[in-house]
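What follows is a set of structures to go through.
In the two assemblies presented below, chain A is common to both, partnered first by chain B and then by chain C.
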Partner chain A sequence: MLGNLLVSTLMSASVYAMLAVGFSLTFGVARIINLAHTAFYMVASYIIFTATMKMGLPLYVGVVAAVSLVVLLAMVTYKVLVDPMREHETTVLILTIGVALVLQELMFLWFGGYFRSVPTAVEGFTTLLGVRVSYQYVLTICVLIVTLALVWLLLMKTRLGLAIRATAQDREIANVMGMSDSRTATITVGIAAALAAIAGAIVAPLFIIEPRIWLSPLTVVLAISVLGGLGSLKGSILGAVIIALSENLVVFLVPQGAFFKGAFSLLIMIVVLLIRPEGLYGVAFEEER
Partner chain B sequence: MRRYLAYLWREFRGEILVLPGRTILFSATAILLILPLLYPHPYLLRILALTFIFAIFAASWDLLSGFVGQLNLGHAIFFGVAAYASAILNLRLGLPIIITIPVGAVAAVVAGLVVGIPCLRLKGQYLSLATLAFPVILMGLVFMFTEFTGGELGVSGLTRLAPTRLHEYYISAFVGVLSILAIWKITDSKLGLVLHAIREDEVAARASGINTSQYKLIAFCLSGLFAGIAGGLYAHFMRIAGPQSLSMLTSFQAIIWTIFGGIATIYGAVVGVFVLFPMLEVLRVAPEIRLLLYAAIIVLVLRFMPEGLAPWVVDRLERECPRCKEHNAFTRRECRVCGTPLRVPLQKTPVSGEHMSGGEGLSASQEGG
Partner chain C sequence: MTVPRQQQAGAGAETGSPLLEVTGLTKRFGGLVAVNSVSFSVGRSEVVGLIGPNGAGKSTIVKLIMGILRPDKGSIRFRGRELRGMAPWNIVNLGVAGTFQNTRPFRRLPIIANVMVPCLAPRARRRGEWVKRIEVKARDALEFAGISDLALEPAYQLSHGELKRLEIARAVATEPQLLILDEPFGGLNPSESDLLAKSIRRLHRGGRFGRLHSEGMAMIIIDHKLSYLLRIVDRVLVMNFGQIIASGTPDEVVLDSDVIEAYLGKEEMA
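Moving on to the complex of A and B:
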């Protein structure tokens, strides 16, 4: 029981963390609420489905293709649609919803509304704490931890990371110091999309693929990044753990809790916001703007 | 009597015919009110009645999010609360429509307080994302108490809005026109000025002696009231109140319509609904790519008209007098009020508009720093 709870919490926490870190990065640097973020995750799953099931390529080719195509898609979308509109905050919001809807409908058009699935990367399972844990779970968690560590290193140890952090802190000053904010933002959107694509690639064998799978993680990702503080990576990871734990607790403890898990995690988000209006690690962005 | 008519005509010519934007709006309203009498096709009436109902909904979102700047991503909560309240009162207690819709609207006002009070502490993006949570939470409750709310299927079998389609259409149209006019008047009044001030600079508004918390709550309640009217009408028109009315897409619809039409204008929200909602029906000719075309059109239009459709059209048809700021038809050579020549190149071009907003950002950062 406890082991079960622990494993499934770890599992969903790492997926949520991947998505929320990307979302939070986009918000911190490009200052846009990208409601199409989880749509990229959905597109990545479909690319892997096409590569493995339709074209019969090995899984790792599919993953590489998914990540590079989704990054390209995100950067082009940002450059063409969002970047020229940055002054109009609400318009950008609608543009991202529009992009998400376009992607959803394209997937409906090409693949239909059927439930699809992808073969797992590794077979078999092991027993941990008295719980059957399949190797796919272990692989998922490892990949996610490694990816998050790489992102952390990129942000903290490289010049690009320095530029990203500087732009997140103050876009105008960073621009004055010679970092093109538009280029930094485009690269950041690319990194965020790569994170979403990896999350999609890793999760694809575990869940069903369907054009509407972007909607329900979207609320959760929004809740996590607000809970942890918009634009904060530490906050996103902590938020992901809190939300994943609360969701799994509700599902395990309350009868028919699965209906209520989304609502419960959002309730927690509101309670946290009432105590700390800028989230756990939030910076008050309004002041510096 | 003749004198009075002459006075009315003079007012009509001086206030409405003088500006192309108002002329278009007036003739569109007149056509919408007369056309159904000449051509009462049930399908057309159904679409137009729903358009009016959603126009109230979009305008109420514009009142809260456009005018007060409290970007609400969960507007469906007002719609859903009112729909469920009207439906349950109508079915369980057998109350007539004349009671259920107002009570539903009052329930939405209460929902406005419930959402508004915690949101007083939140600002900007945090507020938008927190408001997104409320309808989802309520949806969870709906699925928990299925014997009361009907769960997935919702509460169905309500009394019809009126015995015939034509009556239903006219009820929705009149309530719609009245509510939209009321919202427009509110934004034009002193209250509207205060709300506008809160959007532009909340700290400055508070420094000028405005109780911003109180006014923000008033805005939440007013917006809830009108969205609630729309929700009640919708429930009785469709004869069902289901969880669909609380979904994220319902909230996003209001946002899409309003921003497409032009945010913070009220008329823009209405124009957005009247363009996009019937368009979605017309697109039924190509069912597979219907939503795709819809989303693509929205994205493309917004890419080239970032302020929205209605302000873009008005900018083309009307010019602002550089001296007295009155609007003039684009055909006039001089201002109709003060006689200033209009053809001098002092016009607001898109380039100078960008400079202006950039300047605002800079001054705000200086204040903050």
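Moving on to the complex of A and C:
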């Protein structure tokens, strides 16, 4: 049973971490609280569905298509809608929720409100910590963890990563050092969308797809950001683990109360806001090196 | 009228025209005219000092040139190109770099990364340079500024004097043609000031500093410590109430009665 808890916690934690890291990056560099972030995840799932079930393409083609289309969608949205009114923070906040709702309605329009699913990439089961785990599950967790590691390497070891970290710390000074802040912000928005799309694409075979699947991950991502500290990458990952663990603990300890798990992350958010409003890792974008 | 002027500027860019030409520059903050129709120019490899009492508008001029503030009137031409309306990063990439009165490092990045950031600017970057190569270049800039032994410390641990030197290393890292230093000696003790004055002169003389090179970089230096400033500069502009009230060689300016009244009379000669 404990193995079961660990495996499912690891799974939710890595999905949440992927979403929360992208959300934090967007906030840190572009200074946007992007409520449409998980809508990109939902769109990615639908692109996979279209590619595999409607067009009969192999799954990996669907994944590539989903990631590239979603990145394109996010960058165009940022350039055309968000960037021109970047200074009006509240407007941007409302704008992003508008984008999310438009995407949701478009999916209703094109695919209807049915529950969809896509085939798995690999078949079969293995036994892990005394739990029967499908290969798809293992593959998903591995891909997510490797992707997170790659993002960390990108941020810490490359020129682009340095540009992103510098812009996140002080946008104005980065600008005076000859760095185009709007270019860095656009690229960061692209990276964040790619993370959301990869998460959406890789978990699509495990979950059902419907136009409203962006809402509950959004509340979780918001709870993680509040818990970890808005804009902090370390906080996002730690927050993802804590929220995933507590959600799964609720299901594990009170199986009848499984419906309560969504509310639980919100409860954590409220408690954190009351006790330590800046979250675990302070106000600003966390740096580690 | 615009066309012949641009041609003139374009042709002149290669010959003897000034590197920086500021004409009729005006900036208002509400009712206060911080910079009032200021015109001056800086020649190639010329070092110009800008002095004046507090609130005379010196730092505002720096911010206008660097694109941080938008002028209300006037033009700023660098190598014949109008800088007005450009974003700061764009101006830096044309070859202007500045340090500011208040040092603002990336506090949580190590010193070396602080200097690597300007090395990423398109101007300073060569194709296919990886982080390691940039790091070597950033180290040269730190070496030049004399703080290479602190490369791995996070920026928040530096003293004020070291932060001033970090600012200079960051500005030099973009290999500018025009370097603007706003109060580089501010808050430095005499020995630190001596070191900095030497670095500035070395930079102006030009040459190679590891991977960085400069060829008679032009400079605008603002400072209150006249004893250091006047030793370095070729020419001095004196500002008061947003206007230039005198200009000349350091010897001439020191004797100018307007200047003595407006500025030197109140300030001790350090």
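Keep this in mind: the second predicted complex is superposed on the first by the 278 of 289 C-alpha atoms of A that agree within 3 Å, B and C clash if a C-alpha of one lies under 4 Å from a C-alpha of the other, contacts with A are read in each partner's own complex, and residues count from 1 in each chain.
One rule holds in what follows: a contact is a pair of C-beta atoms (placed from the backbone, for glycine too) under 8 Å apart; a residue touches a chain by one contact, two chains touch by 3 or more.
As the structure is a computational prediction, the values presented were derived from the model and not from experiment.
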{"item": "Clash or fit (per the criteria above) of chain B with chain C on chain A", "value": "fit"}
{"item": "Chain B versus chain C as contact partner of A:N175, first or second or both or neither", "value": "second"}
{"item": "Touched partner set for A:A166, first chain B, second chain C, both or neither", "value": "second"}
{"item": "Which superposed partner A:I94 touches (first chain B, second chain C, both, neither)", "value": "first"}
{"item": "Spatial angle chain C-chain A-chain B, Cα centroids [nearest 10 degrees]", "value": "80"}
{"item": "Which of chain B and chain C A:V226 touches, first, second, both or neither", "value": "first"}
{"item": "Chain A: partner with more touched residues, chain B or chain C", "value": "B"}
{"item": "After superposition on chain A, the shortest CA separation from chain B to chain C (Å)", "value": "8"}
{"item": "Doubly contacted chain A residues - partners chain C and chain B", "value": "172, 286-287, 289"}
{"item": "Chain C partner contacts - residues on chain A that touch it in the complex", "value": "157-159, 162-163, 165-166, 169-170, 172-181, 284, 286-287, 289"}
{"item": "Chain B partner contacts - residues on chain A that touch it in the complex", "value": "27, 33, 81, 84-85, 87-88, 90-91, 93-95, 97-99, 101-102, 104-106, 108-109, 172, 215, 218-219, 222-223, 225-226, 230, 256, 259-260, 262-264, 266-267, 269-270, 273-274, 277-279, 282, 285-289"}
{"item": "Residues on chain B engaged by chain A in the complex (per definition of touch)", "value": "65, 71, 118, 121-126, 128-130, 132-133, 136-141, 143-144, 248, 252, 255-256, 259-260, 263, 288-289, 291-292, 294-296, 298-299, 302-303, 306-308, 354, 357-358, 361-362, 364-365, 368-369"}
{"item": "Chain C to chain A touching residues, read off their complex", "value": "66, 68, 87-90, 92-93, 97-98, 100, 104-110, 113, 116-118, 120-124, 129-131, 134, 170, 174"}
